[in-house]
């Protein structure tokens, strides 16, 4: 989700070399609630010292390639004060699987202390803390853990120009619960207010149950 | 000469290892080094034979074989055939050349469209040279145009060639260069190369390449050392280093 | 000696054919030579002589003189031999690179005569006959030579062992053309042909090339033969590499120039083995030989991953093939195809090629005008393989602005070019980032692609469907562009194709289009498809078609809750078709079917009841429900899909939930679920626990 451009805006440095191969039958999903087409909604707290504020946020998963630890989708911020319409951004995600990505970000202006500081905010991360300090989590078996840790990085604005007075320079530390599909996250941008909390729940669009759609690239 | 080349190279390495200042090598030192390099006479003879065979000097090759006992590595009769083809093109007798190539090996022109096109082009040029404009026109339509249709890459050359028809005084027109003897020689050497290739022989003799390498090596060494140098390749005289 | 007064042959084609009939051998011979000189290198002339029936005429001369020559074995007339040589040359030229000619020569029945002439006493006759046969065997129209039969194998070996270059070349060409099965490969290997072929690698240019091609045919997908080959010590290769080692010590120049190569050559694991002879030929001075050597190595690499694994050789192959691409002729055309088979499906090699600027090199080719169709096809396929897995490759391709050239190729005259243009676009459109930005959904691309759905060639149609499948995964509102261009109507037509691959791919495209589609889009597609057509596709004889049809309906009933009603249209024929089909299906089909039922079961009470009835339909007759079979499947994806149906049927706060729970319990489904609380798959385990938690809300419903 975009945040307001603060006085000291740093240029966004995003490099995504994530490769994706989605054709044919790839690895089965770790969790059906985190597959293409799934939608989530909730809020992002953008409070600062001046005032308390929370924006409504909708997220939709659009692409998923577990072999490469890759995920992508859109994020829609609804009541952005300076925008006339909801602001939609496209993001790409790195799944911390110990193989493609570790808990250490190694880019986006995030030092390992920043990483630890954010991950430890998730209670489900606690069991890993010691090992992560050793090797970033490379040796951990995260496959059968009921939480999935990710980083989401917004790449571009879908429906507004870059001159909209908003920035997507930062990224999210994300923790997804496989049990109920709820998502917690913290936005990190050294130039924005710290620890903006993202809270999302799996939505079922007025249904009494869960529905799953599906596509495959050729 | 080959020994000289090796010494130059070795010297290069040595100097590179020592680096910096320009080294001076006297004639005596140089000649001593030259004498240290052993080259087998057979190798030299093979090099000469390679030159004679590739360039098509049959008589000389025969004599050289008798005198030195060097194996030409090929039936010398095939050289005679190849030379006959080359000569026919050089004399403007392209049709004759084509027949001879086909007798030698019918595959050459069937699998080498570019060469075939160049021979047909040469036929056309010879017609123009002999003032047979009407025949040339007919030939262009029947023989050259289809080649351009079959292969787009010939089109440009085709247009340039057919342009000869448009000029009254062909020797003074912009494409008049096609009538030069050099064009015949170019075509002749292309045929020669194709026949050599079909006989699995090198298209070019090794000797000129070695000379090029010698010059290159001397140039490299010039920057780093003063040494007895060969200036005139035809005499291969060592000239004293300027100190 | 022609005195070149008459530039044109005195004799037109018709006249020449009459002269062939002359009883005078001298006249015949002259006519044959003249025909030969007219047709060599000249396709137009070949065609016009062909139409006049020259091939059977020459063939009958060859046959009758061949028979004569048999009967006068001892002292064959000089003119007899000359006539045979000339007529063989004429027939060979007709067969050279000209399919119609090959067919005519084969039809003329001259084949057995040519074979017999290989044992003629006159060397020139043998040479000319072998050359003609070689021409024939270079065409795919040549008859397959059944060398597995013992007598034929002996003959083939005699060819390979011949002193005559054209005869050994013929032997190699026969192998290239006729060696297709692993049995045939093994037979050649057992007959000791490999050793002989290795020695031919040191023969003449044409022998080397013919041998490399035949080796590739013998190696293709046969690791067993390859390991035998690699085990063969090539004595001459060892010898020559040793002597080269000595000379390279003497000549520092070579060492300086080829340092890495020589190091590789002497310390490499393949040193001295037969394989090194082939590796050596990648440095040959003739481009064609280098290409064929590369091809051989690629075939070996693809069949036996154990060999040629070090970075050096991989990088070298990439480098060499990219260099060969610059050859303006046939070698350059074919280099792309060899390159494709080198990198296809292999991410490490694609990455290596990417780092060697391969994308730029191939894109530069596309910028050139008037590319030969073969080259264009090869370049497009190479780009397709390069962009198949790595996003970095796709982004580079897109940045080079050659998309328009690829789109132009969609309307090329040659069907192979159209197909490869589609395959290239299919790879490039795998870039989700660009798909999400709606980059590919524009009329410039969509209109020509939709036109290809009418293409007379099925492979073009299928390839075009591949591109469409990708570009309709569009998250912006641009799906309407595709609909407005008439795409949906065409796709629906193709679901009725008699080719199952076309049905399969058309449904795949429609399925992707249905993904997250808005209500209007769904309605448009459904009206076109109709419930009855969908029901029949769900019961298609081909499982892969069933799978796509079910997935399509699964997406149809997702999203807005009222879209569930589609499966109840026409008295619920669609839902019944699904239920019926699921009784006996593969895992893949089962997965899509269960998600479909799960999506329906996430609706209202009516929807849930209808799904329950489908699950219990068989159970009523005392048989086990298919859902129990799915829950017991070894495929965790199928177990997951099946549990989701139960989660939705027992979803709390629905009035009928308790009743459904009881029915599920009576059918044995709940106890099956209870056995799965510690399922090895986390996803299954979590959903099973969801079902159990939900049923807790009804008190003791489970015990």
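Just so it is clear, A, B and C label the chains in written order, and each chain counts residues from 1 on its own.
Quick note on the criterion: a contact is a pair of C-beta atoms (placed from the backbone, for glycine too) under 8 Å apart; a residue touches a chain by one contact, two chains touch by 3 or more.
Molecules present, by chain and UniProt name: A = Glucose-induced degradation protein 4 homolog; B = CTLH domain-containing protein; C = ARMADILLO REPEAT-CONTAINING PROTEIN 8.
Just so it is clear, the structure is predicted and the values come from calculations on it, not from any experiment.
S.K.: Need the central chain here, defined by C-alpha centroid distance to the all-chain C-alpha centroid.
M.R.: C
S.K.: Select the chain at the greatest separation from chain A, using centres from the mean of Cα atoms.
M.R.: B
S.K.: Could you put a whole-Å number on the gap between the CA centroids of chain B and chain C?
M.R.: Here the centre of chain C sits 43 Å away from the centre of chain B.
S.K.: How many Å are there between the centre of chain A and the centre of chain C, using C-alpha atoms for each centre?
M.R.: 39
S.K.: Can you work out the whole-Å distance between the CA centroids of chain A and chain B?
M.R.: Computed from C-alpha means, the inter-chain centre distance equals 68 Å.
S.K.: Taking the touch rule as given, give the residues of chain C at its contact with chain A in the complex, in rising order.
M.R.: Listed in rising order, the residues are 347, 388-392, 426, 429-433, 435-437, 466-467, 469-470, 473, 475-476, 505, 508, 511-512, 514-516, 551, 554-555, 557-561, 588, 595, 598-599, 601-604, 608, 636-637, 640, 644, 647-648, 651, 653-654, 682-683, 686-687.
S.K.: Applying the document's contact rule, which stretches of chain B touch chain C when the two form their complex?
M.R.: Those in contact with chain C are residues 5-6, 9-10, 13, 93, 95-96, 98-99, 102, 106-107, 109-114, 116, 123, 127, 132, 135, 138-139, 143, 146, 150, 152-153, 197-200, 202, 213, 217.
S.K.: Can you list the residues on chain A that touch chain C in the complex?
M.R.: Touching chain C from chain A are residues 16-23, 25, 28-32, 36-37, 60, 62-63, 72, 74, 90, 92, 143-146, 155-156, 158, 178-179, 204-218.
S.K.: State the interface residues of chain C toward chain B in the complex, per the touch definition above.
M.R.: Result: residues 1-2, 4, 7-8, 33, 36-37, 40-44, 89, 92-93, 96-97, 131, 135, 203-206, 250-253, 256, 285-286, 328-329, 370, 372 of chain C touch chain B.
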